[in-house]
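Every chain is named by a letter (A, B and C) in the order it is written, and numbering of its residues begins at 1.
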Amino acid sequence: MSMRPLTLHDDRLFPVDPDVRAITRRLYKHVAGLPIISPHGHTDPQWFADDAPFANASELLLQPDHYVFRMLYSQGIPLEAIGLKPAGDGGPAVDPREAWRILAANYHLFRGTPSRMWLDWVFAEGFGLDVQLTAETSDLYYDRITEALATPAFRPRALFDRFNIEVITTTESPLDTLAHHQKIAASGWQGRVLTAYRPDPVIDPEFEGFADNLARFSELTGEDAFGYAGYLAAHRKRRAFFAANGATSTDHGHPTALTAGLSRAEAEALFARVTRADVSPQDAELFRAQMLTEMAGMSMDDGLVMQIHPGALRNHNRDVFERFGRDKGADMPTRTDYVHALRPLLARYGNAPALTIILFTLDETVYARELAPLAGHYPALKLGPAWWFHDSPEGMRRFRLSMTETAGFYNTVGFNDDTRAFLSIPARHDVARRIDCGFLATLVAEHRMEEWEAAEVAHDLSYALAKQAYKL
Amino acid sequence: MSMRPLTLHDDRLFPVDPDVRAITRRLYKHVAGLPIISPHGHTDPQWFADDAPFANASELLLQPDHYVFRMLYSQGIPLEAIGLKPAGDGGPAVDPREAWRILAANYHLFRGTPSRMWLDWVFAEGFGLDVQLTAETSDLYYDRITEALATPAFRPRALFDRFNIEVITTTESPLDTLAHHQKIAASGWQGRVLTAYRPDPVIDPEFEGFADNLARFSELTGEDAFGYAGYLAAHRKRRAFFAANGATSTDHGHPTALTAGLSRAEAEALFARVTRADVSPQDAELFRAQMLTEMAGMSMDDGLVMQIHPGALRNHNRDVFERFGRDKGADMPTRTDYVHALRPLLARYGNAPALTIILFTLDETVYARELAPLAGHYPALKLGPAWWFHDSPEGMRRFRLSMTETAGFYNTVGFNDDTRAFLSIPARHDVARRIDCGFLATLVAEHRMEEWEAAEVAHDLSYALAKQAYKL
Amino acid sequence: MSMRPLTLHDDRLFPVDPDVRAITRRLYKHVAGLPIISPHGHTDPQWFADDAPFANASELLLQPDHYVFRMLYSQGIPLEAIGLKPAGDGGPAVDPREAWRILAANYHLFRGTPSRMWLDWVFAEGFGLDVQLTAETSDLYYDRITEALATPAFRPRALFDRFNIEVITTTESPLDTLAHHQKIAASGWQGRVLTAYRPDPVIDPEFEGFADNLARFSELTGEDAFGYAGYLAAHRKRRAFFAANGATSTDHGHPTALTAGLSRAEAEALFARVTRADVSPQDAELFRAQMLTEMAGMSMDDGLVMQIHPGALRNHNRDVFERFGRDKGADMPTRTDYVHALRPLLARYGNAPALTIILFTLDETVYARELAPLAGHYPALKLGPAWWFHDSPEGMRRFRLSMTETAGFYNTVGFNDDTRAFLSIPARHDVARRIDCGFLATLVAEHRMEEWEAAEVAHDLSYALAKQAYKL
């Protein structure tokens, strides 16, 4: 096979009908260049603090990207072969060039997936490559990318500027010192890299090292986090510390969306049980539920926007978890209830217009049935974008097609990239802008909205709503 | 911002492809002017009995429309500000002109929603307005609408005739005297305004005032509705009374679709328990379940078409319920099972071709999985249209796209507007006709159906199926 | 009504946009004529063994097709009237010509359904009919079809060759002697008709005649199938016998996807309980669950591909079951969990690249939420196509639109026709090819894939993936 050209067509992802496509082009033209607001994600703040170069193609684009290696694994390729290291393994590392060759030889597996689009954008726009990735072009790719990474233009801060990022938010545990964020602030560099308060390690009694985490939590705050009053006070102090260092939001990654409305006495008794070694699954679940409500209460006081990301069954594959640890592409979505689960929290705080709770889901069946009806009524609720497995052109279309009738556009909050894959951030936001413009253009072509209105909405979805919802 | 024109494009909601649109136009032309069959809804029969003028724009279009005020509320606007009155509140009423201004200033929230389409139709077709509703045009709107309402052409009966309504059905409790319907019948006016038997207040042990309702039920029927035999006899008498006053259907708004097949002895024992003060939720649910089966049995005898509307968790927001009462936009859909839930009823009556049970859902996941397979097999079952939160262009498309493969068109029953918003009824039926014609045109363009067949089906979906299924 | 022409348009089922349609045509041209790989279905091997002629139109096309008669039944037509015979009924049979007239007079009920497309293909391509089936043309149809069936060209083997079937797989119980398959093999005819091992009658303790089945299982294998060791050995022997007679796969039609990971001692104790007369539903479910895991283990050894078809509630309509028996259009899909249910099996065997487990579902809500994430990670899992109620153009589109983003194309296995309706097999595969080409063409038109890539994928989906996944 000869080398095949790699091109990013200007009209990619636009609806196929010529009239709708023409409207889409006009709408997109006005939002394509807007700065990126990235209010939720998992980039490493150390990149921006130290501004050290990335090492090579595999280490940057393959080994940290669970979307990519899970697909290779599903087709029988061992994780070791592409450079993932088993825990405690001191054996010989895989040659990153060899790992890259495996990706290249199997790149056809990604046909039709968002990973293909994101990577092609990185290859073409990021590195100027103009032939497709195949077994034949693997070394060409590896060398071109690895060489570029050694140059100043590919340092994290330079990429941040080149990508036109107005603000990006990372996610840290309450136990984090925020040293990287403080180093960035002290550096004089103008890039806004915020943190978000992600307290799962000190809220989930089933989290690895929960007791140790509480010990550290006590230490950092000077509170006794093994007593309920001290525990809550420790949260308040760390939230304040995060806010003082720029945070505008919290994030909660629970297995379900369950919330609870326990009395103080009940909550204290429960806390006493979950801080013992032999916590029951029921108590663990109830404590997480109660803490969502407590966190909402604290947000009423300190103004932090609250994000709830429920529904992932983590580490479904025990063998992979034991050998490689967390975040290895083996988390699975589960059916998730919101209407019943959120009721206790909403009974306390749902009618507060000053509170913002942003809901995400991995269960799309709730879009039209639960999330849109809830967010279309409760002042405190807003809808996060299509998430994780559903962060795809089809997923975004399903989101708009199911949510808009009941929640409109103004109970949604724009796009989240939610990624570790820094180089793909512009591609991800670009996909969202293209899909939203296509959706709006169809409404215009169906004479359900005027084009000037669609242009306003496109701007809001691409930029203004995220900024406003996350108080950025 | 200058004033923006308001136009209703002839091709609105039609598919965008030019060939498909051309077919759609031809199909639509033949059904656009068909009389309206409105077999299920919540208009007030007193309107047609008294034929008094409506008061003003806010009282007609804003304050009774939970689709509209729930959206405003979701964005932090207090319900009081738009004129909803807290229970027992004797305080100063909101100026309806001010309430209207709030709607006008926030009208952009409805972009992409069906409310926007319905309202724009009312504004343009109903009142001849030709500029969009905005803060700027708010008073123009308010005055134009309020003035028109004072004229004879906008009296309820005149609108009924102008809207080309062949028959409309309201919904009454068994405790209703049907005085309004009797007044209409005695008036000499030709408009057909039927009632439907909605026995929830005397079937649901958790309904407010259940015991009082049974007392009144006894009084109206001369039966002892606190004994099971008398209770069933009371139902039979009121059903006969409703039928004698024109009813052709019953309607059942249960939290779930559960049915039961208890023996007479079990049912009597259960009835004894649910008529006590301290009914358990389990008994209440089981009694509602048993009564669905009993109602189907009575329909076998008296021929009334049975509608089941399950799946709404009513009054999710306790604070709003306590302050403003029912139907304030705070009902939420829930996951609903049909395959297991309906089995007891179907075991008794499902194979009876003479019985018609029309199923609705707020849980679209059951369309392809449960409702279409059930209705595509059991002679007694038919499928009601996309309902409530799903009464939208996208919702209607999902309905056809999921149901047709297994249930075809002839196990469906045309459109229900299900609305209190009288002025929007033509717009709602028009949306359904446009969407169905577009769906059919796509089948024609994909060469899956001839155009003459599509024309027949379009007529059936717009007119004949509702008339036939509801025996109108 | 005059006679209406029956035509199969060359572009049927292709997307309506002219550019996309042009791409679709080009893609389809290269796959339209590929041989049929039919790796899962329910044709009768006796047809190919004996090669006897089919009797008449009703017996061939109406009475065995539950898609067809369930629709007629749903509209109040008694099953007896179309020739289905109540169990033990010795009464007069229905004239097949009269039965056919009922189908003809009601053929409009199938508008928009896949049955309509499949039947029209059989009429036009199979029998050269060029007018639509209506009451008027009923006898013309009946005579033309019945006469053709008496000719050599319509014998089963001749049709097999004419349909360009490369291989077809039937489904047999472990208690089957495979006499028909052996007769085919001995006949010298070149047609490949394979069997698949479907052990439900000896795995499901709730199957009719379970104890008798185990007795026969013992007899056929020389093992004591009433002891757990002998029972497992009997499976191994019959699997080997099936494999020796050409089988490459097993098939498991359980009510749910539950699997279990019991210890040997637990499994033995459970087996002792389920082989008693009074098995509890819980034990029956757990035993089926454990046996899925055992079957996967045996597949690790003997290489048979494992298919899991869960989620049908069989014989929902007790009255129809008691009068007419199984498979009378009264099976209903149910909500089905996979993420939790499959975990025990996957914990043992999910990471084995040499194992192939093909998952099907009647619950489409799991496509994006559970099946694609599972198959996009576990090496052992692949995704079967849209199944049964969802084997339709819309169902296939939903499948691709929901699965591809996370699982890609290469974790899917091409098309299954899963049918008893032999004459419709080419039409069914043709529908799948047309829909897949249309889906791919849209990706090309949206510039997400090059056309040469789409052509490769179209070939894989139409031919190569099924051959490879099923080891054919």
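The criterion applied here is as follows: contacts are C-beta pairs under 8 Å (C-beta built on N, C-alpha and C of every residue); 3 or more make two chains touch, one makes a residue touch a chain.
Which chain is which protein? Per UniProt: A, B, C = Uronate isomerase.
Note that the coordinates shown come from a computational prediction; the quantities given were computed from them, not determined experimentally.
If you sketch which chains touch which, every chain touches every other chain without exception. The copies chain A (Uronate isomerase) and chain B (Uronate isomerase) differ by a rotation of 120 degrees on their C-alpha atoms, rounded to the nearest 5.
Centroid to centroid, with C-alpha atoms defining each point, chain B (Uronate isomerase) and chain C (Uronate isomerase) lie 40 Å apart. Annotation for chain C (Uronate isomerase): residues touching 2 or more other chains are 17, 365. Within the complex formed with chain B (Uronate isomerase), the residues of chain A (Uronate isomerase) that make contact are 15, 17, 19-20, 337, 339-340, 343, 346-347, 350-351, 353, 365, 368-370, 372-379, 381, 401-402, 404-411, 442-443, 445-450, 452-453, 456-457.
Note for the complex: chain A (Uronate isomerase) touches chain C (Uronate isomerase) at residues 4, 8-9, 11-14, 16-18, 70-71, 73-76, 108-114, 116-117, 313, 316-320, 329-330, 332-335, 362-365, 389-390, 392-395.
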